[in-house]
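A single structure is presented below for examination.
Chain IDs A, B and C follow the sequence of writing; residue 1 opens each chain.
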Amino acid sequence: MPATSSSFRDGRGFDRMLVWITLTFLIVFSAFPLAYNILMSFQSVDLFTLASFDRPFVGLDNYKEVLTNSATDIIVKNTIVFVLLSVAAQLVIGFGLALFFQQRFPGATWLRGLFLAGWILPGLVVGAVWSWILAGDFGVLNWVLQTLGLTDDKIFWLSDPTNSLYSVIIANVWIGVPFNMILLSVGLSAIPDDVYEAAELDGAGRVWRFLTITLPLMRAQLGAVISLGIIFTLQQFDLFAALTQGGPSNGSNVMQYWSWELSFQDYRIGQGSAVSVLMIIVVIGVAAIYVRSTRHEHAA
Amino acid sequence: MLRDERLSQYALLIVALALVAAYLFPVYWMYVTALKTGNEITAWPPTFWPANPDFAAAEVWQRMQMATYLKNSAIIAVGVTVIVVVLGTGCGYALARVRSRWMDVVLFSILMMQVLPSSLMITPIFVAFSQVGLLDYPRSAVILAQAAKVLPFYVVLTRATFVQVPKELEEAALVDGNTRIGAFLSINVPLARNGILVAALLIFLQSLGEYVYSRSLIQNRALQPATVGLQSFMGPNTSDWQGVMTYAAIYVTPIILFFVLLQRQIVSGLTSGALK
Amino acid sequence: MTIRTILAGTTALIAGPAFAQEQVELDLWTIDDPGEYHYVMAEEYMAANPNVTINLRTVQFQDMVNDLARSIATGDAPDITYIDNPEVALFASRGMLMDLSPYIAESDVVNVDDIFPGPLASVTYEDGIYGLPRGANTIALYYNADLFRAAGLDPDAPPTTWDALYETAQTLTNPDENIYGIAFSAKNSEEGTFQFLPWVQMTGGNFDNIATDGAERALNLWKQMIDERLASPDTLIRSQWDSTGTFNAGSAAMVISGPWEIPRMSQDADFDWRVALLPVPEEGAERASALGEGDNVILANTDQPDAAFAFLEFLYGDMDRVWNDFGYLPASNVEVVDPKYPEAYAVFEESMKYARTRGPSPEWPRISGAIQTAIQSALTGQQTPADALAEAQDTISDVVN
């Protein structure tokens, strides 16, 4: 079909134009702040030189300071735990709910929509509500656990350094579930029914169908959801501010919150920027893996 | 046979209700806390329904001049959504259709652009906006900054949707003499509408909750969105939790109602995938 | 000549300076919301001086330093602003604030000798005076007299020493009724430093001399009270306001906090609450208390220095109203006629005499950060109090020298 291929060739300009529209906007509004952060990570910056470019360069000093800080180890470890656990739990729960609500029963669609409430609440409010639920002395979670006989003593979710990170993870998973569930639902409903029907006729069981049909067909959605989930989790800031402020004693501190603390509470802005650049490096890794994965994804 | 199906449907419904109830508990807790007075909030055992419900809604609405705040939130969220949908849909489509190293680089750079939390982006943005005079149009400044923040997210989501639209339909339209843009608008966009709708909705809701940019870029109280108004409750010595939760409830209820009433139009599209 | 200009002329005569004839606009940043101090005072001032327009902007307390620094950097700074008292030195040391000394020397309203030593120290940097306190606050020990009686303690004899405080807290603690003996704030924020520093100062230490035996004793006592559940473990993350909330609800029998609590307490606490001075290490020891509240300062690059100072003078001149109208303690020697909550006022007024400023140091945020880290790592058991304080001392010595 020469006509098709030639019109595709002619249309290259169209694709490029579409991409450039977005890219231009992002370069103007996002690339500059990013570059500015990178620049500051090599400079000595304080509150009062924030807006001037005329600042002394200090080479890698900020990075050295950050990497030799006694808190670095625990903060990096916390960040990894926070991201992995949050993303895994969001995905499993979100996917489970998406599959569950894919079944036909009265009110399925309607009830599923209610899960979006978690996405509607502004971060500030979510943080405040969870801080009440998780409070040690009068929190309702402790009451539920004690009433069910699961625990004897009150658990100090937010003020015990061994628990505080997990408290933030619980709240963060709550926020992330609707996002995962709704997007995966969109993907699930885009899979044609006849594919399943054919498999059913072949005698494939539920699990087998899920593994051999659903998962491969959901590849694009899963890739998007996981990579965005990681990036969102790395950006989670409000919850830390509302629940633990990274404490007690850095017990729940993570890089994104630490970077802000260094910059805007200790006013060591060069060091704060250095931490943010280290985070960018992590995201480069995530983005690269995602982009690679799109090469193999199923195109209908 | 039919009866069995009925039964299992109701069993599913009951499980679904339990799941929804468990998930929505924090939202319920927000409403209940809004009705409790200071001491009852910290009471043990916690009360699941306030002893003396104290409706502060009218007073908070008045005192905080919430009408203005909510109007500004809506303006910002609508502005962001329009910009993002107009600028981003085509990009998501192109990234789904064209396979090349060059497109890989584009996708990669787009993801990179949204790596830092707003709290770290705001300082350079403030400096740049103040230099070019954008701070004189503070709501527009927030719309532009927030649009840049969520655009990568939108592109990645719509891209995944366009991947699922069969190429053959578009190719057939091109053979019939449609232009690229004609085929895009008449074939791809309608077929991907669910994904676009959901992504746009998520963007809209997220922008309603935008706080960091608005707080720094909008100095005039009359132009600030509801999140900034809410934060003004939460200072170190003035945190009036009943007020905070009442405010939050007033802020969130219309959105939840909007959902409940327009479920059919908004979310039910999900079950009937466009491709069936 | 309209009536309005005549009026403006007369007020100008009353208000004094001759600049009053021309129209003046002043930008004022505050942490207040409408209906609070700066809004009320600005309204009154504008009503009395129609030629002056004051544009107010509310900035959140925790954002003030950052927003101010950024606005100075981009040239969008206000003429006048509120600054929390330990941050004045930070801005003054960079030449960002106007030295008010020449104006004060000319002023009939402001007399430096009337300002209490704590607040005065907070606005003094090197040889200049960079602000005027808008008021002050300090902390003291609130206690629930009903619970004292129920536990067989004398409600007229609240604890006066640290040992007595510990024993009293022990007696009052009642896990079955969910009552903690005491509440305070060891939060990882300025509030933690604010609450802890007076304990150190009572034993002769200070922010630059923190690794002392007295400081170690204080931190040990804090730790003991939390470890033995005389105070809630959530003390580590609760603000003073939230801690006092548990006192008002009857879940804590004593609480350390400031006068800003009184309006809510008088409404929420349905028991006989009273206030006493902070206990001291032992009978006869030196007293100390925290100094809170902020200062009104003028930015160095204002183009209306005279008008700005006139407004500051007006604010300062109404110092006798701050307790009854806004809930602050006066920061200068004025007579408060018919104070609200007279018993509490008497205690806080006395406590003000011992209130010391934090710092002053241009590097205060880092010093305070080191102290907060020490408190938190000792209370969570990650370091011994002695080690934690020694580490804080290292950081602070680096910063100070």
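By our rule, contacts are C-beta pairs under 8 Å (C-beta built on N, C-alpha and C of every residue); 3 or more make two chains touch, one makes a residue touch a chain.
Predicted model only: the values in this text are computed from it and were never measured.
Q: If I average the CA coordinates per chain, which chain comes out farthest from subunit A?
A: With centres defined by C-alpha atoms, farthest from subunit A sits C.
Q: Taking contacts as defined above, which has more of them, B-C or A-B?
A: A-B
Q: How many angstrom between the C-alpha centroids of subunit C and subunit B?
A: The mean C-alpha positions of subunit B and subunit C differ by 39 Å.
Q: Could you tell me the distance, in whole angstrom, between the mean C-alpha positions of subunit A and subunit B?
A: 15
Q: Out of subunit B, which residues touch more than one other chain, so two or more?
A: 41-44, 123, 127, 130, 231
Q: Can you list every residue of subunit A that touches 2 or more other chains, as numbers and ranges?
A: Only 50-51, 135, 137-138, 264 qualify.
Q: What are the residues of subunit C that contact at least two other chains?
A: In subunit C, 70, 73-74, 178, 189, 246, 251 touch at least two other chains.
Q: Under the touch definition given earlier, write down the residues of subunit A that touch subunit B in their complex.
A: So the residues of subunit A in touch with subunit B come to 1, 3-4, 7-8, 10-11, 14-19, 21-23, 25-26, 28-34, 36-37, 50-51, 97, 100-126, 128-130, 132-133, 135, 137-140, 143, 174, 177, 179, 182-183, 185-187, 189-193, 220-221, 223-224, 227-228, 231, 234-238, 256, 259-260, 263-264, 272-273, 276, 279-280, 283-284, 286-288, 290-291, 294-295, 297-300.
Q: Spell out the residues on subunit C that touch subunit B in their complex, using ranges where they run on.
A: Going by the criterion above, the answer is residues 31, 33, 57-58, 60-63, 67, 70, 73-76, 178, 189, 191, 239-242, 245-246, 248-251, 260, 264, 267-268.
Q: Provide the residue numbers of subunit A that touch subunit C in the complex, in ascending order.
A: Interface residues on subunit A, with respect to subunit C: 47-52, 135-138, 156, 158-161, 244-249, 251, 264-267.
Q: Sort out for me which residues of subunit B touch subunit A in the complex.
A: Where subunit B meets subunit A, its residues are 9-10, 12-13, 15-17, 19-20, 23-24, 26-27, 29-30, 33, 41-46, 87-88, 90-91, 93-99, 103-104, 106-121, 123-125, 127-128, 130, 144-145, 147-149, 151-153, 155-157, 159-161, 163-167, 171, 174-175, 180-181, 184, 194-195, 198, 202, 205-206, 208-209, 211, 226-227, 230-231, 234, 241, 244-245, 248, 251-252, 255-256, 259-260, 263, 266-268, 270-276.
Q: Contact residues on subunit B for subunit C in the complex?
A: 37-44, 123, 126-127, 130-131, 135, 215-216, 219-221, 231-232, 235-239
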